[in-house]
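Just below sit the structures, each encoded as structure tokens.
The same chain A turns up in both complexes below, where it pairs with chain B and then with chain C.
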Partner chain A sequence: MKALMSVGALVGAVLLLLLVGMILDVVPSNSVRLVEGYMPIQMLFEVACFVIGFTGLSYMLSSMGMAMPRFWQGIGFWAFVLLYLKFRVYPPIPFSVRAMYGTVSLVAVFMWVSASEEDWKKFKQPIMNVLDAQSGANKMLRYAYLVLIPILIGWTSFNSMKPKSEEPIELRTVHPAPPASTKVHGKTYTLQTSQNPYRVNPEGKFDQEYSNKLIVEQGMGRLMAPNANPWDEKNQGYLKYVKEGGEIFFQNCHFCHGDNLNGRGLHAFAFNPIPANFTDPGTIAQLQETFIFWRVAKGGIGLPNEGFPWASVMPPWEQHLTVDEIWKVILFEYWHTGYYPRTWD
Partner chain B sequence: MMNTSMGRKAGVVLASAFGLALFSASSLVLTASAEEVPQGFKKGELAPEPSADMIEAGKRVYFTKCVWCHGVDGAGDGPGADRLWPRPRNFNQGTFKIRHTASGELPLFDAKKPIPGQNDLYETVTHGLPGSAMPSWEGILTEEQRLQVLAFVTTQLVKDRKFTDKQSETQTILQLADLKPKEATDESRKRGSELIVEKKCVECHGMEGRGDGNAFNLKDDWGFSIQPANWHKCWNFRGSRQDPYNVKNIFRTFSTGVNGTPMPSFADSTSIDDRWDIANFVNSLCERDPEGNPLPIDPLTDKPKINFVIPSNAVEGEIPADIENEAWQKTQKRYVAMGGQITHKPRNFVNRIDDIWVRSLYNEKSIVYLLEWDDRTKSVAEGKLPWAPTEVNVDVKEQEPKTGEEGSIAAHQNNYTVYNDAIAMETPVKWQDLPAPIKPRYLFGSNEQFPVDIVKWEADGSIRAFKGTGWDKDFEERDSYEENLKVLKSEWKNGRWYVMIQRPLGNKKDQDYDEDTLFEMGKYIPTVFFAWDGHNGDAGRKMAVSAFYYTFMQPPTPREVYIYPFVIAGGIVLLEAWVLTRRANKRKGKTL
Partner chain C sequence: MGLVTRKKVFSIMALCAMVGLLLFPVIVSLPSLAIGADAPDAAKKEEAKVEKGRDVYYKTEGIVVGAPAPKTVDGPKDYPRYNFESRVLLWFANQQHLYYGSFVLAVPIFCMVVEFMGVVTKDKALAKRYDQLAYDFIKISLTAYSLTAVLGGILIFTFLTLYPAFFGYLSSIFRPVMHIYALMFVAESATLYIYYYGWDKMKEGFLKWIHLSMSVILNIIGTLLMFLANSWIGFMMSPAGVDEQGRFLGNIWHVLHTALWNPLNLHRILGNMAFGGGVVAAYAAYKFLASKTDEDRAHYDWMGYIAMALGVAFLIPLPFAGYWLMREVYAYRQQMGITLMGGLLAWLFIIQATMIGILFLSTNYYLWQAMGRMRGAEKYQRYIKYLVFILACGYLVFITPHTMVMTPAELKAMGGQQHPVLGNYGVMSAKNGGINVIITTTVLSFVWYMRGNKVSTVSWAKFGNIFMGVFFACAYVNIVGLAIYGYYIPANVRVGLSVPQVATTLSSLFFMFALNSVMMKGAKQTGAIEWGKISARSQYALIMLATAFTWMMGLMGYIRSSVRLFWHVNEIMRDNSPWAYTHTVGFAANMISFNVLFFWISILFVFWLGSLAAKKAPAGEKAGVPGSAPQPAGSH
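What follows is the complex of A and B.
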């Protein structure tokens, strides 16, 4: 038991030091990497490690006769939650959400310290001590609180009342509902039934199974599968069109969507909303190929009302590309990110 | 004067790049330089050849990620190349810009040692080349994949030179890790400011270092136009290594020169101490906040972080036209990022204006915007423009996708017909009527129902007011409005435009609510900026655009703000007294 707990304590101490180091910027905050796509699981795992660590720490301290008072345990745990949310969770979450989590965890801490009458007494003892001011130190503390609390609250209310200029928050629907059909270059395409005419095997037949085998591999780097080089001149069918799509992409799209299709192109920094990141599992991987066809052809200007990022600079590509070119570029985007388009069934 | 300096530079490049070929002719010079290593440099060993496995693995990386711009043979002629300026690197000659090695030498590359400061090519791939289309590959490719692809590039695509050939190649390495930067004191910076004149840096980089000197005659080794760096935008330095305010980057570039460009190495002619002074001065020019601290850089874009609210401060009486005036100095300056207009034809793939600094003041009648932006050239069209000012669909061609080097966008630079430099502000008309998150269409308004109000200034001195009703609709002139517009200042100085435009706030009584934006205090007024660089052939929709920003006219602080906090604090004191008394009574009750 003791051995187990001391391991726990060690874990706790190391993790706490790491976190403090990251908060104070002594340890680079990316020294424990957050892996794209596994972030929530990783966070849960980390928090579990912390809980184990805290249990170990508190056991070791009390067995060494330096038990932490319940009062400080409660406050310490709450402070940990707040700091973890602020400094570790990435991408950063807004203050309003953090405040919500903070309140929930405060309630949880209260429930924990007031689970039994005994505990509750222990918890509120330090507060009562200060209020009663029986010792000199407590007297000092009481006067300090008496002066500091009104000043602090007065200052906070002054700051919150001061007129501020913060950017208004804008919400938008990222994937608006598509129309039933879309008309591009004079031809109508029904989204439910249209197919990418270039997703074909060497015999020229539509073959998603064939093309799925040739996309780039998932995992770091997302490299092309061995023996599936679109630049091979002998290619027929799918891979040949992937290369043609890539040429179009790097003549038109990379300026915003980036060389790695991650939305970090040359001009991307200037625009808001920022260009879509196709490597994110939440974009093209969630959508049907014909949905992409509609969005590419019509651009920001063709968004329905609920999609209203009227500020989008996404071009209506029907002004620049032919229908064939649009299909090829979509083919390339799925190939390069290593995703399959979703099907309608 | 200029010719001799150009000749000297060309000489340095030639002598170093083709050093061996010229061996017999200039053996004296060469032996001298072989023994005498420039200050701060040391002779180094060539790295061993990467393994065949690594090269093969690197080929896979190259044909997934790099080939699209750099091309099948690494000649910098991939499908994306013709619409890019600077063009993607042509690897064949082995000419690389950012190095720790002496001028003309190959960069450091060792496929087994991804150590910062000892592996130039690895760092270039890791951090990208800001200001060009080369992104940072960190977090996308693993460390190993980055080394693999470089193993492939250095052995298979660099064709004219060989990284392992002891006969022809040397490595003279800048010992940057061992050199301690000189403290950036006022004295050091002052000495640096004198040295940049003495060393003729200002001839190309301009009197204020905005890259505006001699900007038109500079060519790289491949004959394409090249711009001297703008020292005020350190985040665009190719060698900034995602650490733009680090003085060591400048020291390195100054010591090693930039291969393939007119930027020579100053290592032979400048002592280490002098080089630090220059680096300190150049570094001090990069934009900083009012307290003199580096601007926060967004790690995702490697550009300054953006705040979309442009605060406008209230002033009593006339709004001063003098930038040095206290009212302007006290107003926050906002960085407005500019991208190319790439939504509608003609798309602007290379926008030479990539940011504007905006400040604003208002009084009871008008609002004034002070717009400052770097533009290496003052451009005013010769003669009359072939279209009316209201015309939007003007005859300007966009770059074709595939032209080959001769027809590429890089070849066209500095050869465009010159139009007017110009700047415009667009605000939606009737924005108060729009549902909260809706803004009019980005480019020149949506339609007759949701039009925009555009105020455009051009370098020929004109200021005009238009109504925009769609991206492809010609503007309607708002004649009566123009009498109310005023250009308080317009000046081009040392590579920077300073333009101050005053416009009425409007009111609900006598203004034309259907055509003019009403500026209301304490409200967020969507504002877009457009900029045209005349020497880039910008006209009509070929321009640079910003995202939607918000003009916010700061209301004066109401009196309550100063009163209520005291009331609240007083209340807390009372509450404390109550708690204490209660506790005391309770204890008394207990002890009794």
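What follows is the complex of A and C.
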């Protein structure tokens, strides 16, 4: 047990040092890389390692007769969460999300320190000591709080009321609801039931399963599925159209959406927001192909009322591409990113 | 005929009368239901004038027997108004009626369960306590029942006076259903009063079983009432039984049985139960905090625990029922689903996730506090911090928004709309994992609570403990593993992944509860449960639980209603009032908070009225109050 705790303490100390380095900007945040594809689990894993490390450190300090008071354990852990989110995770997390996480972790800390009566008494003790002010130091602290807390509240109120030159926060609706049908080049497409006419097997029949087997595999990187070479001249059906879609993509779309389809093309950073990142699981992976068809065809100008704040410079591609070209380019996007379009069966 | 026999005959007659009341509205309405059948006769007479229409949902052909949905225009004819937003007035009236309606439908179900527990419990003292508790429940709901009826009246008047064209259309479609509803309401009232006032007269033996059967009838009537009311909102969201112009095609079953009716029914039954449990638990908490004697504290502590346990029992399957409803919404109209989950109303779903998390966190916190009143439960206290950590992680994932709120500067710094790390938590696969982790942890807390003051004496106790530990560990691995796997598979398969995740959670619930019960049979008690010796914090957790339920009900009602956007009846009857726009999130949140506040102030009044009745109770009746009885032998 002691050996395990010692290892835990060592882990805790190293991790804390790293975090302090990141806070002081001595160690860059990305020196310990968040590995693409595993980032969300890596983040939870790292936090779990910190918790194990803190348990070890706490055990070691107790063994050495220098137990950390419960009050400072609680405050310290909450501070750790805030600092981890601010300085470890990159790119920076928006304040609104950090505020949500901070509040939840504050509640969690409260639940921890007040789970039992004994713990709650230990946690309250320093606060009660200051309020009771039986010693000179506590008396001083009480006066200090008496002055500092109103100043803090006043300063926060002043800051929140002060006119700001910053652009206001926008609650953007990234995926506005599509219409039931859309008219492109004179033909009406029902979005709920239409299918990509090029998602076909070599015999020319619509075959979702067939195309699913040939998409790029995800994982540590993106790898082409075995036997799925779109450049093979003998290809028929799905892979042939993927290649054609790729050609259209690189002639028209990659300038903004990037050659990795991650929204970081040559012109991407001229726009705010930058173009959609198709490799993110929250974009095309969540949608039906017909949704993409509608968005590509109608562009930013065709966003519906609820697509607030209509911040998209996507051209209405129906003015530049044929219907077949639009379907093919969509086929390519799904193939390249390794995502499956949403279906309802 | 002896007194007992006469009582039995009368009670059986009362039960038969209740069954009659249940069936009466259906029998009376049969001619009305047959309206579609009359129509063909009329058609034969005037064949040339017969017009057929196509059902917008069932796609069947039917003879048009109704008028088209009115094309309203903004003005005093279709939208008469005060110098105020009519929609907000209606929102308020509707929400208050729903709160009280849910409460009075849920509480009799609790009564039925608790009364049944009292009947089958062998421990006489405990049986008496259960019976008294059930009686307390129904007493609270009785005052609320009158208020529900009053609020229902206010709601109808609001509809008639502010939205006459819309309400006229709705009642032309639902004419027979509305009459059945009114008759069912009469049946519900009669049954409820017989049930309540017959309590003392039917308290033992065969008569008690008759009384219990009455509660079953009462609940059947109540549930049917709710189903009928649900059919109206189901029709407004996903109309059926009418053609494209909104003309009734003669088949009332099609109008009732819309695409979303059944999911709504299930969701509302579970929601009402969870809500009712929360309100009663809050009542008990309020009484606990106000108690001046140890006996009262013991009674209300126990009452709070039972109400919370019943509420949470229905809260656990609630997310899964919600999942089914959303699935059906997507299947009905893709754009409706996207508006809800990914589009205009997506942020409200994040708030909803936050509220769901609060519910489970409050429950866990209450259970940990409750362990403080058991001697011997200290052995679990040191591990609570790890449960907190697991819960917090699940919660953080569950509430991470897909569409983040940020300033344009933050957007630029992030390099795109999606955060490469947190964006992954914003999708369904992660969220399913998050909520299942939270629920499984709640189950674990319950298991710890149930064995808090006990040590198993079965010969295979060690093996049983290891098995349970491994089972929970595997459950977590399976849930998280499936959540990760969900990113790598097609969406239709991913949706199906929720089934094994839910199965894992429910397996933990049922198997672990069952195994724990077997292991704890004849277990050695390390100390009694000291009812009333629970911390005040636990009672605030119960109040928090009830408030979160109330807020979430208001929120979900708003979301469900506003998903129709600018339609009174989706794609059939357009809302042409000046208020056919979606409120801002801030306004909606304020309005929901106001409704919650109003409900709690008014229900406090109801509680106060209930306490007046208790004060007037004769001394003999007071002696039966369970708090004054000896402590139950460690009942959970």
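In the analysis below, the second predicted complex is superposed on the first by the 249 of 345 C-alpha atoms of A that agree within 3 Å, B and C clash if a C-alpha of one lies under 4 Å from a C-alpha of the other, contacts with A are read in each partner's own complex, and residues count from 1 in each chain.
Here is the rule we go by: contacts are C-beta pairs under 8 Å (C-beta built on N, C-alpha and C of every residue); 3 or more make two chains touch, one makes a residue touch a chain.
Remember, it's a predicted structure, so these values are computed and weren't measured experimentally.
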Partner chain(s) touched by A:272 [first = chain B, second = chain C, both, neither]: both
Partner chain(s) touched by A:153 [first = chain B, second = chain C, both, neither]: first
Contacts of A:216 with chain B and chain C, given as first, second, both or neither: first
Which superposed partner A:41 touches (first chain B, second chain C, both, neither): second
Contacts of A:92 with chain B and chain C, given as first, second, both or neither: second
Touched partner set for A:168, first chain B, second chain C, both or neither: both
Touching partner for A:246 - first (chain B), second (chain C), both, neither: first
Set intersection of chain A contacts, chain C complex versus chain B complex: 166-168, 170-172, 264, 272, 308
Residues on chain B engaged by chain A in the complex (per definition of touch): 60-61, 63-65, 67-69, 72, 78-80, 82-83, 132-135, 137, 140-142, 145, 298, 300-303, 306-309, 311, 337-340, 342-345, 347, 349, 351, 354, 401-402, 436-442, 446, 471, 522, 524, 545-548, 550, 552, 554-555, 557-558, 560-562, 564-566, 568-570, 572-573, 576, 579-580, 583, 587
For the chain A and chain B complex, residues of the former touching the latter: 128, 131-132, 146, 149-151, 153-155, 157-158, 161-163, 165-168, 170-172, 216, 220-224, 226, 229-231, 246-252, 254-256, 258-260, 262, 264-272, 299-301, 308, 310-316, 319-320, 336
Residue numbers on chain A that touch chain C, as the complex places them: 34, 36, 39-41, 43-44, 47-48, 51, 89, 91-97, 100-101, 104-105, 107-108, 111-112, 114-120, 166-180, 191-192, 208, 212, 218, 263-264, 272-274, 276-277, 280-283, 285-286, 288, 291, 306, 308, 340-345
Residue ranges of chain C in contact with chain A within the complex: 330-331, 333-336, 338-339, 342-344, 346-347, 354, 357, 361, 364-365, 368-369, 371-372, 378, 381, 384-385, 388-389, 391-393, 395-397, 399-427, 429-430, 484, 487-492, 535, 537, 565, 582, 585
